[in-house]
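There's a structure below that I have some questions on.
Read from first to last, the chains carry the letters A, B, C, D, E, F, G, H, I and J; within each, the first residue is number 1.
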Amino acid sequence: MPDASLLETFETPVDTPFMIEHVAEEFTSLCPKTGHPDFGEVRVVYEPKPANAGGQCVELKSLKMYFQSFRDEGIFYEAVTNKIRDDLAALMEPTWMRVTTDWKGRGGIRSVIRADHGPVPGHVH
Amino acid sequence: MPDASLLETFETPVDTPFMIEHVAEEFTSLCPKTGHPDFGEVRVVYEPKPANAGGQCVELKSLKMYFQSFRDEGIFYEAVTNKIRDDLAALMEPTWMRVTTDWKGRGGIRSVIRADHGPVPGHVH
Amino acid sequence: MPDASLLETFETPVDTPFMIEHVAEEFTSLCPKTGHPDFGEVRVVYEPKPANAGGQCVELKSLKMYFQSFRDEGIFYEAVTNKIRDDLAALMEPTWMRVTTDWKGRGGIRSVIRADHGPVPGHVH
Amino acid sequence: MPDASLLETFETPVDTPFMIEHVAEEFTSLCPKTGHPDFGEVRVVYEPKPANAGGQCVELKSLKMYFQSFRDEGIFYEAVTNKIRDDLAALMEPTWMRVTTDWKGRGGIRSVIRADHGPVPGHVH
Amino acid sequence: MPDASLLETFETPVDTPFMIEHVAEEFTSLCPKTGHPDFGEVRVVYEPKPANAGGQCVELKSLKMYFQSFRDEGIFYEAVTNKIRDDLAALMEPTWMRVTTDWKGRGGIRSVIRADHGPVPGHVH
Amino acid sequence: MPDASLLETFETPVDTPFMIEHVAEEFTSLCPKTGHPDFGEVRVVYEPKPANAGGQCVELKSLKMYFQSFRDEGIFYEAVTNKIRDDLAALMEPTWMRVTTDWKGRGGIRSVIRADHGPVPGHVH
Amino acid sequence: MPDASLLETFETPVDTPFMIEHVAEEFTSLCPKTGHPDFGEVRVVYEPKPANAGGQCVELKSLKMYFQSFRDEGIFYEAVTNKIRDDLAALMEPTWMRVTTDWKGRGGIRSVIRADHGPVPGHVH
Amino acid sequence: MPDASLLETFETPVDTPFMIEHVAEEFTSLCPKTGHPDFGEVRVVYEPKPANAGGQCVELKSLKMYFQSFRDEGIFYEAVTNKIRDDLAALMEPTWMRVTTDWKGRGGIRSVIRADHGPVPGHVH
Amino acid sequence: MPDASLLETFETPVDTPFMIEHVAEEFTSLCPKTGHPDFGEVRVVYEPKPANAGGQCVELKSLKMYFQSFRDEGIFYEAVTNKIRDDLAALMEPTWMRVTTDWKGRGGIRSVIRADHGPVPGHVH
Amino acid sequence: MPDASLLETFETPVDTPFMIEHVAEEFTSLCPKTGHPDFGEVRVVYEPKPANAGGQCVELKSLKMYFQSFRDEGIFYEAVTNKIRDDLAALMEPTWMRVTTDWKGRGGIRSVIRADHGPVPGHVH
């Protein structure tokens, strides 16, 4: 069961804005309709709040454990994406975050879902 | 015969804006002039209306069945693209949608057709 | 319905051995179980009999029409491959022929089927 | 000799703006200096005028015949590009059009020429 | 738990030798030491016995269900590979079979395991 | 019109066996049925006879002019391939030669034709 | 130990703005938690101050020695990125600079960290 | 020795704005410190002034000879890039020009240098 | 210092021959002449002795620690390759083993070194 | 001028057979006809004689200097290849060696030349 309590943070090291991207290429959950496994890639990009504003970054190993907690969950693509966005946004309150999930094809159709938190910073091309 | 009644929807799960992309790599219809099969890829990207505005998303399996309903239809590239755009826009009334069809070459020329519904959102780069 | 009578030949132009390969990247038939379309690539490689032995080559446009005749046929991967091998072998009686079909994934598994006619010539690496 | 009279059109099917791209990967003409053949790719992207403004689209087979009419012409890269832009702009009077030619290397230098007609629409990123 | 009873067969359709390859790109099991998920690709290539020798082929959907039965199993790379080889060899008694598993990297090292059943046929290059 | 008299040679520089490969990526001729241009790549690999046996190599610029002489010829794929093989074999009498032509798709089928002269040397893998 | 004193500069050669990008594909440091080596790519892009404003550019070989000085350092991804940005910004005081580190996967997750100095110039797409 | 007097021009053929790109993939000069050869790619993109403003384009073969004149010159990456920009800008006075040099790695670091002349036109994405 | 005592084994699980390949993409050692770091990829392929002949396989994590022990060693490419071959051959006494190291370029030359232990089995193509 | 006296060797470190491959991607010489530069890649693969037979290996930096000595030489592709083969064979007397040069296209034709020394060992696939 997806478990946001697995997530841990560390303090943003600097006051200047910077960007962090984590790409988990080995994500799997279950289709809530058929019970068959879904496989995809989860990409999280975010700009943490500055250190002097109490900024927090998600710890890498805890993020891995959090992603693994979806393994036995029957859950739709859209719900996976929005849940990860909501859990990480609640955890870190980043200046900006984008969660993108890219799913292997099913029945000849492959899908990508993308959810943002906060306004896109100007320096993101 | 292309059949929009095959399409089904589910309610958008959240109030925050997000994007959904479906790519069908195995689309085929018939050339209305020669009767020979055309092969292409159909890409649909859209931002559904928020849940609190009655937003709807197209259900994935019904989308597959809808695409298959073009298999025996004699229809031009431009008409395929505009029809999919119109059918999906009528179904979901999304905030924004872009339908792109990418066709295998015929006589040494390959073609891409792209039709939008609604203004491009600022966060689409 | 697959129709071998669509196939035409022309006489092999030379007495020296040579090889011909045709790759049809846009093959489609139907799954006999589900009725859903299958998409694949068909590759035919062969060495025709020499001209002085009455060698025949398959005519390219007739091969295209023959492949199109599978479009509405419910037929398994293995049967497609063996039927093409048998029809072309009966038509041309080539010194050697290999038919390979490469199918898009279904349920996360993609398949390749390969059938030969005659012994592999020494000069085929 | 390049022959714009080969080009034919059909009426734009809809009133909503959309984009059409044709890529001819097998274009050849002659170098006017040396007489040696030049090989390149021609890409035409355009937004036709809406149907209710009398919009026209270039017919695909006639475009192919038009491109073939350059085969025996001694003509510079820049002239090819501007002539195609001018001929197609006169034919269709599109809202916007971009013609790009991409030439195989000569003497270790490869070249790309690009000519526009009309202002770039906002939705072209 | 890996469950060979999920596997089903159908009769080989012809007497002439041919080759079948199935590639499952979305295989996952668990590391028996750490409990963390492993992700890999499983490739099965085989030549079934001829029809007149009672040849059998593995049914594609049953193969998918069999692969899914490894999802919660703690099992080493080598054991996965040998078990699939043994289960499929017992099921089909093919003339030849090769099972190859290709695993995503762990600690900067990625691994490939390969197990054969029967002598390699001469026509396998 | 294909013109073998354009071909020139130079003497093989050494007595030890070696291999030469020339790849012309910009070959064009005409379809003898439709008059439409065909585009392909011509690859010539050969082992010249040793210098002390009077070995000859084809001169590169003359080979280019020879290939250009097919530009206005209506000729089938198979005839192109066998004619190049015959002309170059008569010119150089190489120990071994392989001519391979690889043609852009027509009607969804692309073709490769290969013709050898002499037995494949053992060191060609 | 990362040693900024290894860095050397030369004077910007011109007054007109231009851009310099250095990509070190072979960067390694140590994980401060586990002591295991991390491997990544470091990309530095910057616009130096003009010559008439005392602009300085980092000398290439000294940059290489500086990057090598991280080899035995236990340091987090974020700290590597921000330290390189800070050291090079202090050294050159460029108009704009972006440092991007791209790390090989750990536990199935790969990461990219990006830090800027100064506002993005308008001519950077 | 780099020799701008090798450069020749021809008159821009049209009054409408268009873009020209030349890519020389085989550029070499010498490192002024070590004397070892440097290898890189030079890319020149520009928009010539319109014909009715006296616009000029650089002639392709003269550009090749100009690039070859750097072969024995000991010169830094930055100087190569700025010199080509300055020589071509003086020659053609284009509306806009960008010169990009992309150098093979030295000591594990590869570099890209980019210099502009004039403001970036709005239609350059 | 390279330390073969870090290596551990487990018993080969089966009596039938099979192949194991481990690819370490993040190997680094030092150049014994200059002290600069070398970066490469190490590939080990082997066929263990059967279980009933006391066959042993190298344990994956211990292999990783062994490769890391080269990090501070000044050692030539050839010596790295032969030492890994010798250490692993002494450890496992495999039926066959091939060690291949593939090194990033130095001074424009990249190198691959390959060392075998035992005769190549017939089923290795 | 190509200068074999630049080449240096070191003693083969082991008695067991192994293979060494060096790939110089940045080779340049001059066309003896036109004086224009030629660019190519030189690949040398060899099996040195065992240590106990007095085996020698070419030293990497000296090989680089030797390749650079061709920079101002007017020399044909075939002569470059055979000269490198002869110089290195005389230097090292290897059990087997293969020299392959791969040249950038000229006039639309690219070429590969390959020369061997000694019989191909059985373990070279």
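What we mean here is this: a contact is a pair of C-beta atoms (placed from the backbone, for glycine too) under 8 Å apart; a residue touches a chain by one contact, two chains touch by 3 or more.
Note that the coordinates shown come from a computational prediction; the quantities given were computed from them, not determined experimentally.
*Asks:* Which pair wins on C-beta contacts, D-F or E-I?
*Replies:* Of D-F and E-I, more C-beta pairs in contact link E-I.
*Asks:* If you line up contacts by residue number, which pair in H-J, D-F or E-I shares over half of them with A-B? Let me know.
*Replies:* E-I
*Asks:* If you average the Cα atoms of chain B and of chain J to get two centres, how far apart are those centres in Å?
*Replies:* 56
*Asks:* What whole-Å value do you get for the distance between chain F and chain H if each is reduced to the mean of its CA atoms?
*Replies:* 37
*Asks:* For chain G versus chain I, what separation do you get between their C-alpha means, in angstrom?
*Replies:* 34
*Asks:* How big is the gap, in whole Å, between where the Cα atoms of chain D centre and where those of chain J centre?
*Replies:* Chain centroid spacing, chain D to chain J, equals 47 Å.
*Asks:* Among all residues of chain G, which ones touch two or more of the remaining chains?
*Replies:* Counting only residues that touch two or more other chains, chain G contributes 25-26, 36, 39, 104-105, 107-108, 125.
*Asks:* In their complex, what parts of chain E are in touch with chain C?
*Replies:* Chain E residues touching chain C: 13-14, 16-26, 57, 60-61, 63-64, 67, 122-123, 125.
*Asks:* Per the contact definition, I'd like the list of chain J residues that touch chain H in the complex.
*Replies:* 25-26, 28, 36-37, 39, 68, 71, 104
*Asks:* Sort out for me which residues of chain A touch chain B in the complex.
*Replies:* 76, 78-79, 81-82, 85, 105-117, 120, 125
*Asks:* Which part of chain J faces chain D closely enough to touch in the complex?
*Replies:* Interface residues on chain J, with respect to chain D: 36, 39, 104-105, 107-108.
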